[in-house]
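Structure record follows, encoded as structure tokens.
Read from first to last, the chains carry the letters A, B, C, D, E and F; within each, the first residue is number 1.
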Amino acid sequence: MFMHNKRLQYTVRVEGPDPVLASFLLEQFGGPDGELAAAMRYFTQGLGEVDPGRKDMLLDIATEELSHLEVIGSIVAMLNKGVKARLSEGAMEEAEMYLALNQGGNSHTQSILYGGGPSLTNSSGVPWTAAYIDSRGDPTCDLRSNIAAESRAKIIYERLINATDDPGIKDALGFLMTREIAHQKSFEKALYAIDDNFPPGKLPGQDEFTNLYVNGSQGDGDMDGPWNSGEMWDRDDGPTPALDGGDGTASVKLASDDSKIVKALAERTLSDPGVDAVTGADLGAGPGAGRTTPVED
Amino acid sequence: MFMHNKRLQYTVRVEGPDPVLASFLLEQFGGPDGELAAAMRYFTQGLGEVDPGRKDMLLDIATEELSHLEVIGSIVAMLNKGVKARLSEGAMEEAEMYLALNQGGNSHTQSILYGGGPSLTNSSGVPWTAAYIDSRGDPTCDLRSNIAAESRAKIIYERLINATDDPGIKDALGFLMTREIAHQKSFEKALYAIDDNFPPGKLPGQDEFTNLYVNGSQGDGDMDGPWNSGEMWDRDDGPTPALDGGDGTASVKLASDDSKIVKALAERTLSDPGVDAVTGADLGAGPGAGRTTPVED
Amino acid sequence: MFMHNKRLQYTVRVEGPDPVLASFLLEQFGGPDGELAAAMRYFTQGLGEVDPGRKDMLLDIATEELSHLEVIGSIVAMLNKGVKARLSEGAMEEAEMYLALNQGGNSHTQSILYGGGPSLTNSSGVPWTAAYIDSRGDPTCDLRSNIAAESRAKIIYERLINATDDPGIKDALGFLMTREIAHQKSFEKALYAIDDNFPPGKLPGQDEFTNLYVNGSQGDGDMDGPWNSGEMWDRDDGPTPALDGGDGTASVKLASDDSKIVKALAERTLSDPGVDAVTGADLGAGPGAGRTTPVED
Amino acid sequence: MFMHNKRLQYTVRVEGPDPVLASFLLEQFGGPDGELAAAMRYFTQGLGEVDPGRKDMLLDIATEELSHLEVIGSIVAMLNKGVKARLSEGAMEEAEMYLALNQGGNSHTQSILYGGGPSLTNSSGVPWTAAYIDSRGDPTCDLRSNIAAESRAKIIYERLINATDDPGIKDALGFLMTREIAHQKSFEKALYAIDDNFPPGKLPGQDEFTNLYVNGSQGDGDMDGPWNSGEMWDRDDGPTPALDGGDGTASVKLASDDSKIVKALAERTLSDPGVDAVTGADLGAGPGAGRTTPVED
Amino acid sequence: MFMHNKRLQYTVRVEGPDPVLASFLLEQFGGPDGELAAAMRYFTQGLGEVDPGRKDMLLDIATEELSHLEVIGSIVAMLNKGVKARLSEGAMEEAEMYLALNQGGNSHTQSILYGGGPSLTNSSGVPWTAAYIDSRGDPTCDLRSNIAAESRAKIIYERLINATDDPGIKDALGFLMTREIAHQKSFEKALYAIDDNFPPGKLPGQDEFTNLYVNGSQGDGDMDGPWNSGEMWDRDDGPTPALDGGDGTASVKLASDDSKIVKALAERTLSDPGVDAVTGADLGAGPGAGRTTPVED
Amino acid sequence: MFMHNKRLQYTVRVEGPDPVLASFLLEQFGGPDGELAAAMRYFTQGLGEVDPGRKDMLLDIATEELSHLEVIGSIVAMLNKGVKARLSEGAMEEAEMYLALNQGGNSHTQSILYGGGPSLTNSSGVPWTAAYIDSRGDPTCDLRSNIAAESRAKIIYERLINATDDPGIKDALGFLMTREIAHQKSFEKALYAIDDNFPPGKLPGQDEFTNLYVNGSQGDGDMDGPWNSGEMWDRDDGPTPALDGGDGTASVKLASDDSKIVKALAERTLSDPGVDAVTGADLGAGPGAGRTTPVED
């Protein structure tokens, strides 16, 4: 069960209104690497987890991410507080309001549609979608996804910090960024606490293809590195079709009836290489009429 | 520049039609962890990459993933070949066709809308979206995302392999699954070949919060593990609001005019705790009329 | 700041596994009227609210909705616990697993993609989107939206209760349904505690159109009711174009240059009613060639 | 059956081109509270309605909303008429056209992609989605959703009116805004014409939880109001886990086989709190190899 | 301005309830080639059109498509009428209702979420999106898109007709299908009534690449046809990189400062081919520490 | 199987950085008519095609479109190269970076979220979706869709060319635009090489409605053209409801039990035209209480 304390996890002091910066910051409120995505990623994993240790960790961190969602949303609300009130009270000349809405970023939609409240969109106004969440119900996959997600969130906070000189916002964003680092560490520790963490699942790979590097892109610029070179790696520099040694085709066994129907379809829609396709577009004739000869209406 | 060879990277032999299985397999064609997502993740990263080694690797693997997209799509096409022809040729009684469309999975939409061709949807018919792609333009983030994506793709192939006894399909899926393992290794090697891979970016964290574990979920079931215990970790077992030591509020400095407008807004929309809100819904009066007393039409 | 207690707000006893029912229940986990939508609707409103009373109420209820999200997600996890384990451990014959995945609802995708964990999708597998959230930053709008949302959630819980005979699930769903009723009441009370709650905002309507009912659909079946009849209503039984008394056209003043360019566009793309459009499709000629006469390659 | 009259429901006079304002106005063309959403909300409800009175009303208003869609779309077309022609005729120097596309709002995409025609997107270019429509097939829910939708549409028109000084546009938007007020009244009247309108559906709530207010957010700022105080309300100031009096856990009865498989899964993926997770990342060994000891390639 | 007549454009007689068939038919209500997509495609084009002839045609056909939307939606409502009432009235035993919801197609979501009313989703429950609409503001493009859209709608109606033996539904679907044929003809006629209809727009192509066929897919299965062979076509059988004769690279001129920063970025994130990446995963050290050597906590 | 050559199909020389232009160009990278949409449209069609000639053509052109995706993405990467490096290296004062992010178009999100790499979004930041792809598994439909798609892509390239004076970019875009023209020709040739290409599929239309033009939009502005006039066309100038000669209603035969339940539903939710709906909103009474009389708490 969740509870809420009206004090934020981190105090927020904003120097003054800035709806454009507010729209930038939405990237971490309703964007793909934002705090809602983080909270929901860990929360859904936690509910389905069978290991009590990971379950506890996932719910701990999910809960903290909700607190971070509140911090970032509160900053957005502060940056928009003035424009929200002016818009609601009709307290500007129209021409002035027009300019206020057209300052940049996604500030126009944030004001017109969302009334200056924090919206669950990214910095372009794209609504948050659960398509951002990659929980798959396997702990070694999910922990890797979490590690990656935390690292993405960290870099986006860094970019935002680099783009504002409001000291209170920089400080709060710095806190949020730091917590992503801490969470990434927890998830790494949890991943390596699973004895059998690679590859995910139980099925081993096919031996001949586990250590093969396929050099699919060729020409000047081919490089060697630990990802494709060394004792560990076999190389396919072709690249070679039909690595299985077969003919590289796809086929299916069809019952005799089905084969006939497939043949009928192929014949009916045959692309005739010999056709004179010059005058095909006329549609004046009734439906089903031949398409190769133009017909007067 | 891309080129194509008509032979597949792996030969595909399908025992017989099965539109339901086809719809399951779409998870790896047009699903979030499918081959298009993989190809586009690495391709977009490759185009923006400044390091020639990683650029080469990303284009190598992106190219191979396109070849895998072709393999999985070809299996889907084979499984649907019969239903596609029957549907196109009107070669079934209506009642029989109705049953053929209602076998399960997402086979009905795959036939009615997509005509039995492989569609870029997941196994529920949800169209593929670039929201699945988490390329962020930072190599240490992107490689971690790639590692996670490969591990997710591996586990989904495993689930599909466990759900079909068609030997040709099992074999081809096994190949595709194995290649995800190999790619995961390449991306791990590439990540650790970057000297400064943690944390992502250049900004360090705030020292006091880097090693702090916030125990947000409390009660029976609190567990210790390497993710929250040991020398490395400080603990906040509160959890504690306002970790910065402030008052935990959010505030913004507003110009005097704005403050007045905010006040006007607050007063106009005041929630009056003393109001008798019993009979508020009548809308018979003109707009703007007080809402607290019902009015006859 | 949020905190979490490991005990649920309501105890959940599930009779046995049922992945199909689990997929139905997702409607209230990741569907448009589900608990995440509720929580995020009130949470975003609360962050932007200037009235301390409503802010408190919105955060109270947002917090409870998160607890409900946990209850419904936990039921889903219980219903899927068996299939998740069987899938993860490869503990079924393939043909048996295929049947287990094809029982109906959206159970196939829930297993293959989400591994049996609760996913933020609706009962068809459509990912949750913030497009479901209609917070607009005006309290009289937002409260009406909340009242409507609670009533929708109530009816969907009722439908789900009517479709399961598992007593533990019925009981928990009954609790969740009841809480929607209570929340609806709170939001109604809060709406009518705003003195000036209709119409939303500050601008009055245009007098002549405020009480007009436009009878746009005509013929047998025209009905009278309090929504279009009585002293309050004027009627337009036409319906009448150009209610303003003008000519009903749309026009814009263009600078002379622009007018010329618009004219040039109109001429270049003129639809010539006299053309003999019989043989238009040939594209054998070079680009830009006239389209009215077929040309030999 | 629908018919169309070429005269608009309201005459539109636009002072001059303004692609930025056009992109703002799209909020009411293809945005979540725009006229298409309104028309389709009522139209889909009307088709499924069994009560002839409401059915008539819903089709009346749906039809009028389509006429409003035409008015707002026509304004957008007028505002873009110049840029559309210039773009189509290549009638600007490139540098000038670049600037013309970069004036703000979403004008760039509206020109490049949509060619200056009115597009079914919101003011950020987000395509309209039926996810905006909350018709649920229950009249007391649907009417509440309609009341809320009309109030949202009203407030967005108000914001747009406050942001333009073009008198013809202000006048037309004022008409459209007023009609939302009138529609809201009709829907309120129709709701209260249903005798049994609360709660929606037929199932009553669980008595002990119908009048309970859960004070989920605590600390300074806790407020009383008619939504949580007075004779009507019981209070849970805890908030209290397991309101049912149980243990607050979630559980499911599993068959013996399933229990064993769940146990096997838990063991295989155990998070070992004692593990030394220092050196886990090496993937040089074959798949399936233990992860706790680094291995030379 | 739109008006509505309560009589449908075509009479609908349905033999009996069938929620599964209803969900199939949604493909033409809220699917990508359904009637809403058709209506909105032509309506948005009509509003932006400068040619009075095409504008009239587009509004004529848009209006008719809305009438078709009503016909198909009415069929869906009839097919669901029984389940809607049973669900609303709680008129089934739970186990029976569970089975009624799980008959197949998307019938479960159509009942649980949409209450049996016609929903603007496709046959899988995917909400309609304006992403389906390809209006681009150029008449020769838009007419081609319309021709294609009508042909797609025709084929989907054919598939649906082939899957039901309800004579009333077959008859009504046959009408709707036929109208798509008629509309396709109108759009073809309108396209060829534009003198300069190919290529779209005003810019000619680059001469050397207008008639070139690039044989990108090679190997067994290379075929000749009028699309790549004959006097009209030049051939690139390579395919050849850098068709312009350049070096096939991408480059940009950067100011000296920028070049230095790019270099710094490349160095900081260098992939070192010589690194021993064996033991990289430990994160026990502080942020920023080198990643090549494991460190004790 | 796909292969890649590191040389582009066309050499790209960019004059200098321009993140705003980069965001415009994304329209052809991740927009609805962009190169990914083209490649995936033809690729999915090719996999399902039974005619070897069309299959070859579709794979040829799909492969080339992937090469075009690489060209346009490389231009975007070049235009963003400077901002990507500055952002990554923290090489700007905050205020300066803020301005750099707020230059217009969608450049802010492209930098903050995507780090300057080419993203699969359109020029507004809307993620690419497979909803853009209209492959339907019928060759005469699909070829028409391809013809339309190529013509749309051509016009968007033209608009982009008209908006940049960078000679290298103009040249490369001119190449890409020209290739769309060539592809359109190939698809036209392939369409008319199918003997039976109209109407799509096998079912003929209903004779009486095949050549009927329904004049749905009436009044000043009614026009004649080859799309509605001439020997070929019958006219319905009404427009006429119930073209079938029936009564224009929709009905379904229900079993006796169902009819009773429908009646019960109608009665329970009756809209009573005689009700005094003045004081309906009070929710103070318990659930289920009558709504027509206000009740004290």
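We take it that a contact is a pair of C-beta atoms (placed from the backbone, for glycine too) under 8 Å apart; a residue touches a chain by one contact, two chains touch by 3 or more.
For each chain, UniProt lists the protein as follows: A, B, C, D, E, F = Manganese catalase family protein.
Quick caveat: nothing in here was measured; it's all calculated off a predicted structure.
Asker: How big is the rotation relating chain B to chain C when the fit is done on Cα atoms? Please round to the nearest 5 degrees.
Answerer: 120
Asker: Counting C-beta pairs in contact, which chain pair has more, E-F or A-D?
Answerer: Answer to which pair has more contacts is E-F.
Asker: Using mean C-alpha positions as chain centres, tell me how far chain A is from chain B in Å, no decimals.
Answerer: Result: the chain centres lie 6 Å from each other.
Asker: Roughly how far is chain B from chain E, centre to centre by C-alpha average, rounded to an integer in Å?
Answerer: 20
Asker: Multi-chain contacts in chain F: which residues touch at least two other chains?
Answerer: Residues 1-9, 32-33, 50, 53-54, 56, 59-60, 62-64, 67, 74, 77, 81, 84-85, 88-90, 104, 106, 113, 115, 121, 124-127, 129, 131, 136, 138, 140, 155-156, 158, 162, 181, 184-185, 188-190, 192-193, 198-199, 201-203, 205, 210-211, 216-217, 219, 221-226, 232, 239, 241, 248, 262, 265, 268, 271, 273, 275, 277-278, 280-281, 283-284, 287, 297 of chain F touch two or more partner chains.
Asker: Residue numbers of chain F touching chain E in their complex, please.
Answerer: Going through chain F, the ones touching chain E are 5-17, 32-33, 52-57, 59-64, 67, 71, 74-75, 77-79, 81-82, 84-86, 88-89, 91, 129, 131-132, 134, 136, 138, 140-141, 144-145, 147-149, 151-152, 154-156, 158, 161-162, 171, 174-175, 177-179, 181-182, 184-187, 189-190, 192-193, 198-203, 205-206, 209-217, 221-228, 232, 239, 241-255, 258, 261-262, 264-265, 268.
Asker: Quick check on the complex: what are the chain B residues that touch chain E?
Answerer: 1-7, 50-51, 53-54, 87, 90, 92-95, 97-98, 101-102, 104, 106, 108-109, 111-113, 115, 121, 124-127, 138-140, 188-199, 202, 204-205, 210-211, 230-232
Asker: Which part of chain C faces chain A closely enough to touch in the complex?
Answerer: Interface residues on the chain C side: 1-9, 30, 36, 40, 43-45, 47-48, 50, 56, 59-60, 62-64, 66-67, 69-70, 73-74, 76-77, 80-81, 84-85, 88-90, 113-121, 127-131, 133, 135-138, 201-203, 278-282, 284, 294-297.
Asker: For a test of understanding, state which residues of chain F touch chain D in their complex under the given definition.
Answerer: Against chain D, chain F makes touches at 20-21, 23-24, 27, 31-33, 103-106, 122-126, 155-156, 158-160, 162-165, 216-222, 239, 241, 248, 262, 265-266, 268-273, 275, 277-278, 280-281, 283-284, 286-292, 297.
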